[in-house]
Amino acid sequence: MAPILSIDRVTKYFAGLTALKEVSFDLQPGGIYGLIGPNGAGKTTLLSILAGSIQPTSGTVVFQDRNVTGAKSFAMAQAGIVRTHQVPRPFRALSVLENVEVGVRFGRSQGSAGDLWDARRILEWVGIAHLADAPSVTLSVGDQKRLELARALATRPSLLLCDEVCSGLTEPETASVLRLLRKIQDAGTTILYVEHNLKAIMSVSHHVIVMNFGEKLAEGSPEAVQSDPSVIAAYIGRTA
Amino acid sequence: MANYICNPTKWYSLSVGLLFLALLAVLPGCGKGSKGGTNEIAIGVVLPVTGREAKPGQYQREGIELAIHQINQGGGIFVRELGKKLPVKEVFYDDGSDQAKSAGLVERAMSADNVVAVLGGYSTALGEAESVMPDRYQTPWITTGAAASTIFSHGYQYIFGTLSPTDLLGYTTAEFLGSVVDHGKLKKGLKLALALENTDHGVDYGKGIDKWIQEHPGYFNVVFSEKFDLGSTDFSGLLQKVKNARADIFLADAHLQDYITMHRQYMQTAMYHQMISYGARGPEADARKALGDATNYIFAGIWWSGKLPYPQVKRFAADYQGSTGRPPDSWYAATAYEGMRALAAAIEHAGSLNKTAIRDQLRTVELTDSLLPGQVLRFGKNGQINTPFVIVQNKPGDKVDIVYPPDAATGEAIAPKPR
Amino acid sequence: MNGAGKSGASARPRFAFAVAPLLLLAVLAALPAFSLGPNTVRLLFVTLVWVTISIAWNILGGFGGQVSFGFAVFYGLGAYTAALSVNSGVNSILSLLLAASVAVLASMLVGLPTFRLRGPYFAIATIGVSEAVRVVMTNVSMTGGASGYRIIETRPFHQLEHFYAALALAVVAVAVSMQVRHSKFGLALIAIREDEEAASDLGVNPYRTKLLAHALAAALTGSAGGVFAQYAAFIHPQGVFAFGIGVAILLMPIIGGIGTVWGPVIGAVVYGLIQEELIASFPQLHLLIYGSLLILIVLFEPAGIVGIARQIVPRLRARMEG
Amino acid sequence: MSAVDLLNLLIAALLQAGVYAAMSVGMTIIYGVMKIVNLAHAGFLMLGAYFVYELYARFHIDPLLGVLLAFPVFFLIGMSVHWVLVRRIPTSDQPTLTSLLLLFGLWLVLQNLGYVVWGNSDRAILTPRTLDVLQIGPISFPTVRLVVFGAALTSLGSLEFVLHKTWFGRAVRALMQNSDAGRIVGVNVERTARVAFGVGIAFAGAAGGLLAMIYSFSPDFGGPFLLRSFVVIVMGGLESFAGVAVGSVILAVVETFCILVLPANYQPAIAFSLLVLALIVLPEGVAGLWNKRRRWA
């Protein structure tokens, strides 16, 4: 099977500092990929490059056989890559439903007719349909995370980039969000999932990529990665 | 600034209602305005008494009000049609030196206040904007402070002006300098540097100078001529160029504020010119206050001077001092005073308050005891008067002398300017 | 287009939406028949011009959150374009279209570089653009530079023609504003205002959306400038390009309530009243009024007069019912 | 154009740069610490001018001494403005439109205050040295500009001293670099912000006094200088004091020398165009160019 996303020697400098150094990997369609690493490993930088929020200094990004290197985030979203933010960023003046509508109307679907029903269905799907007409600012943290996911899903992505969807959530909330991720995967969307919470990520991913100091350290199944000595060294080296 | 979108339906009708209320509030405000009736003659006065042109605008207002005061002391203007004298009532608006506003206020006076005529329009830009209105409302308008002849070149039928055209100012300025050369005080063939305000006023001034120079070859040649924007805070760039041009005579054409700012910076560049003029500005008290002795020997071509040797000028100066507590500062009050007097004469001749009849009389009215140089005020075919200019020069000890024309002179021109 | 309406809002507001503006329009259109006198018509005319511009600014600044101090550029260019084309024999409606086109062109020239800047930097850049354009226009000889430019009137002046032109334009502006508010385009603008990056992450092209809003606003502002120029018949760069005009254009919608359809309209009416009634008697007081209003609005009620009304009305209603 | 003319121009430019630096530094402090673009800066420049004028006109206090007195007076004014208005708006690491509009409103109010108190005719300070010129060979130095230049350098120098030698200076520098980090190391952000706002306004007031020694002024005074201050601090990279010096010199030199190729009345457009250009091309100031080059290398 052809990879849905393939990145090749992606490098990013910030004002002379190297944030990412020649990172390469492929994602196959339909999986949940975990992206882990200690603080400052370059996970969010990589996610931002894939989402088009920032542009790589060098390297290529190929998505569904299209070279999308350096595309802006709206172009990425229209191509089918969409991200969520670690801290939810709802459009505060808009209702929950209207927030989702933005995704419906401007994402890959560029929907017009019947899209409202779509937006409502998505809200139902993530479990906040009862809040559709509430102002988005009134939502709890957990519901804001769901809204963040709903908005992203509304663009009908092929690849969903999740940035720490579980941070700041309680145990039961985390469990329910993880269930949601699996549901999304079941519906055919590939997920690249950045997470600090190792337990969460190991439980949900079928493939894990480990980064350290801006470089890819290892990748493989959760079990294989967990027993990789270089990974252990990186984590222990940091915590010690 | 969040959360300004909410369900519009709740308050929608309310906001529309507010709009209606606001509109209703407007209407009575505009409907009113004195329905002058037959007890008095309403005359609109639109001048800048705030903003950049506040000082001259204020002087002009004082001139007009002095004339109105004197007319009313005599019982008013006799209107034959009504068989009685009616007092003059001033309807005053301040345009804040803003041209769009001044046009709007002239329109307001002409359409809502039942005036028989409007006086005003100080400075060329404001005068240009106002000059659109008189023909629309068939109401005579006399500008007492805008001299650019373009205003009078559009074929308007209801506009008049009590300032001679600016090209004559430029011409007289050059003529005066020529006479100084003839007296042997300055050499022939001197180099002139011109700095002109970037308006029709400046253009006309420059044209006048050019005209004289072309008619009298050999006297002067212009080595530098550039425009500047009124209201700048900084003229150092322009002055640097003037300095580099190494001219013998510096002639600028500026408004009062610009004259003060520019001359201050002129002094700081350590330039020397044998003669300096700022066009129609020079002897003002404000300049003296801001610049002190640095204003000495500056000469100016002006429409009127308190030094003119006519008895009516002495009387006017005394009356003005009596009503305001200070002597007339330069020419501003006099041309405004004369504008009001000419209007009063025209109303009396017309014998009615019909605006077209008054306009017809303004075309032929003649004041033979005028304050202005030559003592005769008569509007030309285009509506503008054409009295001669006088050249005055500042002298040490706060003295100002008329130095040209010779028949009005109160002192000798000092040239070249002592270093 | 109206997402919220389709979702099953009651029929009454939709009725209000359709009827109230028509009613307002009818009243305004019939006003001159009451022989109000030219001064009232002039005041209405000026207010309608302000209404149009205020609405235009609100499209970019209110919905899109891009605060521009530089709308005098479009107003002035519109005025000059209309004046130049009327003088060269173009009929007055066509000259307004030309004015709009030139303003749109200018909005592109201004927007292409400046929309790369965010928020306050954009605002500051527009100050620079506006002042630079004023200086240049003061020196362009084709338009008479600082001498100003005059429309040579070839036929008698009919005030009502100008009034109806301004009225028509204001109606167009209100219609455009309502349409934008409830359209996909409006949704994009609001999303950009709230969080430009998040909007872009969801597929909204912020740059293009802002340029489009800028162009739309410029077209309305430019035509309004053209309508004004045809009435004034004399325009001057220090007048139509003045920084004060740019400031006034920004103050009106903010005072009325930005991001709403009717806030800018109310703001413009209030502004027109203050200009007319206060300036005649207290020329400098308006600065104090606008300044304090701005401070109060920023600190306490970002939604302006509309926001205040929104707070008061429910209380009044509660009192009346209770 | 002779060498002497060029030298005269260059000196004029440098003296002008001193004026620009003096008027921009207050804006930089406030921006650096609070990320607020102080649009009311022009209003305080104007008040500073009138302050020095009144002291001179009423009590014959030398304008230079007046400038010195302006520091404490405007410091207190600045602190009160912060206490009454500025602290009520949310703080942010990015400049916000809220603060921009708030201070713009304040500018309008200050202008009105100026009109009410002083009317609208131009004022000017005339001292014996106002029109004096120091002539050294063919080169002339306007005395008052030399004085202003000296005063500007002195005040910048003392500010530099304060920033590096005092508690307040360290707190300010910490906040300018990173407000979160500043908070973590125990800087009282609100107090520092209040003092910084006071210092910024103090410099604005004093700069207004210096400007009043050169220019005539009215309540509208300050607008053109406000924009020039923007240009200076944007070119200087928005929050560095060395940047202010660099920005001032660039602006003054460009403005002064452009008259050789442009008609003088286009001169004001230079600053405005530079402003737009600097914002777009040099978002990190002139120093950004240096950084970029290093990155490419």
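To keep things simple, chains are lettered A, B, C and D as they appear, and every chain counts its residues starting from 1.
Heads up, the rule we're going with is that a contact is a pair of C-beta atoms (placed from the backbone, for glycine too) under 8 Å apart; a residue touches a chain by one contact, two chains touch by 3 or more.
Keep in mind it's a predicted model, so treat the numbers as computed, not measured.
Undergrad: Grab the C-alpha centre of each chain and report whichever is closest to the global C-alpha centre.
TA: Centroid comparison flags C as closest.
Undergrad: If you tally contacting C-beta pairs for every chain pair, which pair wins?
TA: B-C
Undergrad: Take the average of all CA coordinates in chain A, do the same for chain C, and state the distance between these two points in whole angstrom.
TA: Their C-alpha centroids are separated by 42 Å.
Undergrad: Would you kindly tell me how far, in whole Å, the mean C-alpha position of chain D lies from that of chain A?
TA: So the centroids are 46 Å from each other.
Undergrad: How many angstrom lie between the centres of chain A and chain B, each centre taken as the mean Cα position?
TA: 72
Undergrad: Using the average of all C-alpha atoms in each chain as its centre, how far is it in Å between chain C and chain D?
TA: Centre separation, chain C to chain D: 33 Å.
Undergrad: Give the residues of chain C touching no fewer than two other chains, as numbers and ranges.
TA: Those would be 4, 65, 135, 138-139, 190, 194, 259, 284, 298.
Undergrad: Going by the touch rule set out above, which residues of chain B reach two or more other chains?
TA: 1-5, 50-51, 198, 227, 229 - these are the residues of chain B that touch more than one other chain.
Undergrad: Listing for chain D: what residues touch at least two other chains?
TA: Within chain D, the residues that touch at least two other chains are 97-98, 115, 120, 263, 265, 268.
Undergrad: Mind listing the chain C positions that touch chain A in their complex?
TA: Listed in rising order, the residues are 3-4, 6-7, 184, 187-188, 190-191, 193-195, 197-206, 259.
Undergrad: Residues of chain B touching chain C in their complex?
TA: That would be residues 1-16, 18-20, 22-23, 25-27, 29-31, 33, 49-51, 93-94, 96, 98-101, 103-105, 107-108, 111-112, 124-125, 128-129, 131-132, 135-137, 148, 150, 154, 197-200, 203, 227, 229-231 of chain B.
Undergrad: Quick one: in the complex, what on chain D touches chain C?
TA: Against chain C, chain D makes touches at 37, 85, 88-89, 94-102, 104-113, 115-116, 120, 223, 227, 230, 263, 265-266, 268-269, 271-273, 275-276, 279-280, 283.
Undergrad: Which stretch or stretches of chain D touch chain B in the complex?
TA: Per the stated touch rule, the residues are 1, 5, 8-9, 12, 16, 97-98, 115, 119-124, 126, 130-131, 133, 135, 140, 142, 144-145, 215-216, 221, 224-225, 255-256, 258-259, 263-265, 267-268.
Undergrad: Can you tell me which positions in chain C touch chain D when the two form their complex?
TA: Touch residues, chain C against chain D: 65, 67, 113-114, 116-121, 123-125, 127-129, 131-132, 135-136, 138-139, 243, 254, 284-285, 287-288, 290-295, 298-299.
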